[in-house]
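Here it is, the structure in full.
First chain written, first letter: the chains are A, B, C and D, and each begins at residue 1.
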């Protein structure tokens, strides 16, 4: 179709240029009851899963209905959400920091009707469009990343793994039977754009093969010294190699033994891809948290070093995640986050209760701090691992 | 009939969770039907080809996006992520498939009308696919071609009063929790602060001048609903200094079971009768609370302000009145040296518009980091390399025991030459007078 | 009259704690008087000169001993520390002042007769000054001259059936707690094991063949009275597997205040009536105990065997019957890379004479460390450099969650080539078939 | 005096040589009641400070009297201890792992007489020779090192600092009013032969000036590459210098900014002394422990970065140690070790209660693990440090 100009003049890019105006001012977009009571809220309550009420000093109340969403959404989907907002909420809506959508209204009646309406909307193959839930001691939506949909470094997909995990944990999205909130995150490579590193359950894609060198093009595509310097383990050095056609070229040589497949070199140099259908997969980390509630924030810990990529529905992954969440739900105390529970019972007990194999991969060997994760004590519990 | 068969992706249409595959297929259909008769500026097949390419990834287990690609809008060093697929012949609709990061409003509130305007623009000049929202916080528009980038920017700024977000070695789009808009726990105006500082530092956001990326995030209280402590180089978190306000009658109502604990968050299971001793007093990390004779007391000077008691009894307990922020610095993902959470730099700082005290801290840190930071070194890594002491020096903050969880266990202490009488220069001959060889 | 005035040291004669200055002055006097008419083999003034030299250090705040000095006895690579003073003209009595390390018996028990024999030898051929004992455990004889070293060794071995201890890059003199000789908590025969292994590895003790020093220590139980976890490369600590034995009647007696808590260790202050809930149950690190209806129960599978409850009620609780040892490895002082405590390697191992299982672990570790350890690298440092996984491999111990306090927080996991399908060798042309450049 | 041969023939060192015989077998030296009941002890009790009873399965009892000792002791002193052992204990005695002496007897009466006798023995200037104590919740004897008495690397004295600290804490040696055992250690340099790194109170001598280079002799005395390699911070490099007499010599150059005064280079090379009367002093570390009781073993932490050497009686040091021990005694709970107490109340509170200044020196900046000691949380207590 024909190119339609916006008015932009490529010959004079600075003509009429507007820049540095930033985002829209948020108060334009606040529902009136929120604007009126801004900073004057006094309490809240979750009336039902996915339905919150907040009460202000003025006595005003606002009811919020929260729904799950895939995050990777089309304008069609957004338009439908907007239409709902117009129908029930004077045309206001928001997203949460975990990709849920929130609809707010000052009327409980409206909220209830809204909830019913939202839960009734489905895609043609039957999945919910706007499942209500994600509040309180539930498994909320998954914070995640691009995966095979848009990124160049993933070792797994994000949208797909999110879909299958949420399918598996769906009841716990719409329900609040967990001991505490359960935050799941997916990142498709060690860059961890999903900030998995502090999640109750973190699903991280990663490579397990050293980079493959495209010797023929490397010297053209990359700054060899920069790529070499980027390797945190010093696994790279400059070298020369003979191409099949007899040409001798400058290239980079990889000491495979020292490579930890982090992909840093690939970020600097496209001639060093790591992706491999047979090598790539997922590392499962659990027990992180962000809030300062009771215990200080915690990093997630590696409990399953490798789960193969099994698209489209990653059965091993979903089974493991589900199992860990169930064991946690059955054993932890009220208010206890997954990591707090594991620390209370001891990680050896966690592995036993969750029936996980403890492999050498779970032992830290990255730099000096590794030492502090080993056990400098005779305090431990006897578990079946010791019989082994 | 779909352009490319997607037998694997089709399996992601079942199950209860919203299926992005169903959504994409539906969107592709609408795009073909084009009921509004839009003069599509990028290939009509863009979504079909995306699905086809993705099916290929699902088949061979690898990505089919090529490495990077430097595209953008004039004068900005960020806001667009270039992307090209490695199978352009088979999937020409996604041969170019760049991302546009649109700066989101603080707190992610929208008017439907405005959202729809944006959708119109994106259907017209892009794929119509989005992420609501990116992990940093932006509205992410997935998939357009290079020629459309300036057009999109022009329309955004001229028609929608809307700028791009960050990428590259820039300040990244700051983000915040919902804060005062709807949360009774907010100790600072996270949304306003986020908006104000975003605007204050537009230049840093759009023009790369840092060693690497830099992120602000603002949490209204220590619950951390925007996870600032985990994912921002500069984390501002609301807190308070004085007593937690206690409504003793409401405490009794909780004890009596008249109000559900934790705002009803645990209603999905029968946890038994609320037990204030077990559920609050014993779980307080500092054990600074007591409940005796029907009266709850908190020993403020031992309170960590962890929020637990307030979270459990939000109708009985309120954050104090002397409010401000804690500033923590240095969080980042694992690449290269392992993940970091932010470390406490300023225990308490006033946080009122225009936030001058906070800006001063930011600018001192930037001046130093721009000077000392290596290429691709996040603030946290600079801190690790040069020592936490350095950031205290450049911000003029005195060292406090609050800066550490525990003091150092090694006695490898550096002294400055002027701290040690006589300094470093000594005379070997003087020494030898007392110590024969 | 003292040979050298010592106004500063004299100030260490007051105060209640035994004054080494008074002792030394007295010993110097006796040496001059020489009532037994000993044919002193080193200068009569040795103690006077030591006091003089020390006074000089007290005055100028520095040591007056020169750097090292390689002296020793023939065929041994350790057992003697050479020492020369840097003021030999002023203090000729300590111009040479070497240390002899005499191997102590396990548990530091002596017969007075034997001790006196040793004193006779040391008065005759040395300064008469000692350390009872050195930090590693040896009897330390402080101060003799080079020519006396072989003489002392000859007399020790020929007349006293007594060998030297360790120094240098050797196995160092092993040490143990008092254990079964007088302690009801001993789960292993620490003294016997210490003696047996010391003799087994005499060659390692006397002839340098390691990258650096190596220390064994043996604690009878997790109380750690010889601090093995803090100061030995190879720490053996008694433990058990089965139930703690409970004498319920004695528990009641504690609860009733009839027996003082913790063996009377807290008698110096009135801590109030014994409260089993507060003092035992609540302090149990795993909360695996309960006291209900006058009955104490322990959930063994959750017990950490931390000893607390047993320490508090030694007449009511006894360690279990299935006894053995935990082995931890790698402790060391801060030089060079920071201090380490030993890390758990073998959670449970039989520990019966002849200790074959334990020897196997030791020898596997040595073989590996002698191969891989760098010069002056302690075992703990080798572990840190090469990873804990390595020591599991060489000892054939399967990885267990017990090895860690927590699993790794970084996903920087090394794989062995044979663990990953297809291994490391790949073909770029195959890759390019699916991924265009 | 005349040389007296032992029988050793220097010309034939291997003649009649006996070697590798190890230490004496300990059972030769066990008091009969211990030998009889070896491994059959069932319980113990501390009857009075310094007086223990142990009971065996057989019903036998042994009474132990424990006394403090300077560790640096003369044969005269040992002979006196032996004489006491002969008088009261059938000629048996032992030392503890912390340099105390123990006398054992099966008779309580004898033990009491012994205790009185021991406490009555004094040096001529009045200090006790054999002060009874060191049991239970007391401050026991100080584990320590050589200091200026014998070592080449000390930054302070050991015997002297031990004497003055024990003088100051003497009442708590003979008394059991502490919340738990208090273990003090002294090491005279960072080699920490006293294993201070896990002590309730650790007094560590250290240098604060980079090495002084004896350029004239360095190349003769040292292997330059070895000395350079020994520096953990990379502060050294090879260089040349001009001597006053005009000669040019190979030497080592120190980057003073990178030096942390650890003395490693001096261990390798005598031409690089660090000792300095004005620079050297003491770093005070607290809160370590070794036992696995309740909490896992802990490292000691730096709480006072520098206390000057003030021989002969180090008044600042003793005052600080005494003060910390007193504050601990007044505030900790029964059974709580110093480090457990500090962790429970938080180190910021510890500094406040103990009136210690928190300086930049207390913040870890040594290698990657330093990060884990910073505070990644909003959890902290407001103390007077924050007002500052």
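Structure notes:
We take it that contacts are C-beta pairs under 8 Å (C-beta built on N, C-alpha and C of every residue); 3 or more make two chains touch, one makes a residue touch a chain.
A quick note: this is a predicted structure, and the numbers were derived from the prediction, not measured.
Taking C-D and B-D together, the pair of chains sharing more C-beta contacts is C-D. Chain A and chain B have CA centres that are 13 Å apart. Inter-chain spacing, taken between the CA centroids of chain B and chain D, is 48 Å. For chain D, residues touching at least two other chains, in rising order: 190, 197, 262, 273, 275-276, 278, 292, 296-297, 299, 366-369, 371-372, 376-379. Contact with two or more other chains is made by residues 60, 62, 64, 66, 222, 229, 237, 285, 304-306, 334, 337-339, 341, 405, 409-412, 435, 437 of chain B. If you draw each protein chain as a dot and join the dots that touch, every dot ends up joined to every other dot.
Across the complex, chain B is touched by residues 190, 197, 204, 206, 208-210, 212-217, 256, 260-262, 273, 275-276, 278-279, 283, 285, 299-303, 305, 343, 345-352, 358-366, 368, 370-383, 385-386, 388 of chain D.
Per the touch definition, chain B reaches chain D in the complex via residues 222, 229, 237, 239, 241, 285-286, 301-306, 326, 328, 337-338, 340-344, 347-348, 380, 383-384, 387-389, 392, 398-415, 417, 420-422, 424, 426, 428, 431-432, 435, 437. Chain A makes touch with chain D in their complex at residues 292, 296-297, 367-369, 371-372, 376-379.
Interface residues of chain C, counted against chain B in their complex, comprise 60, 62, 64, 66, 86-88, 334, 338-339, 409-412, 434-437.
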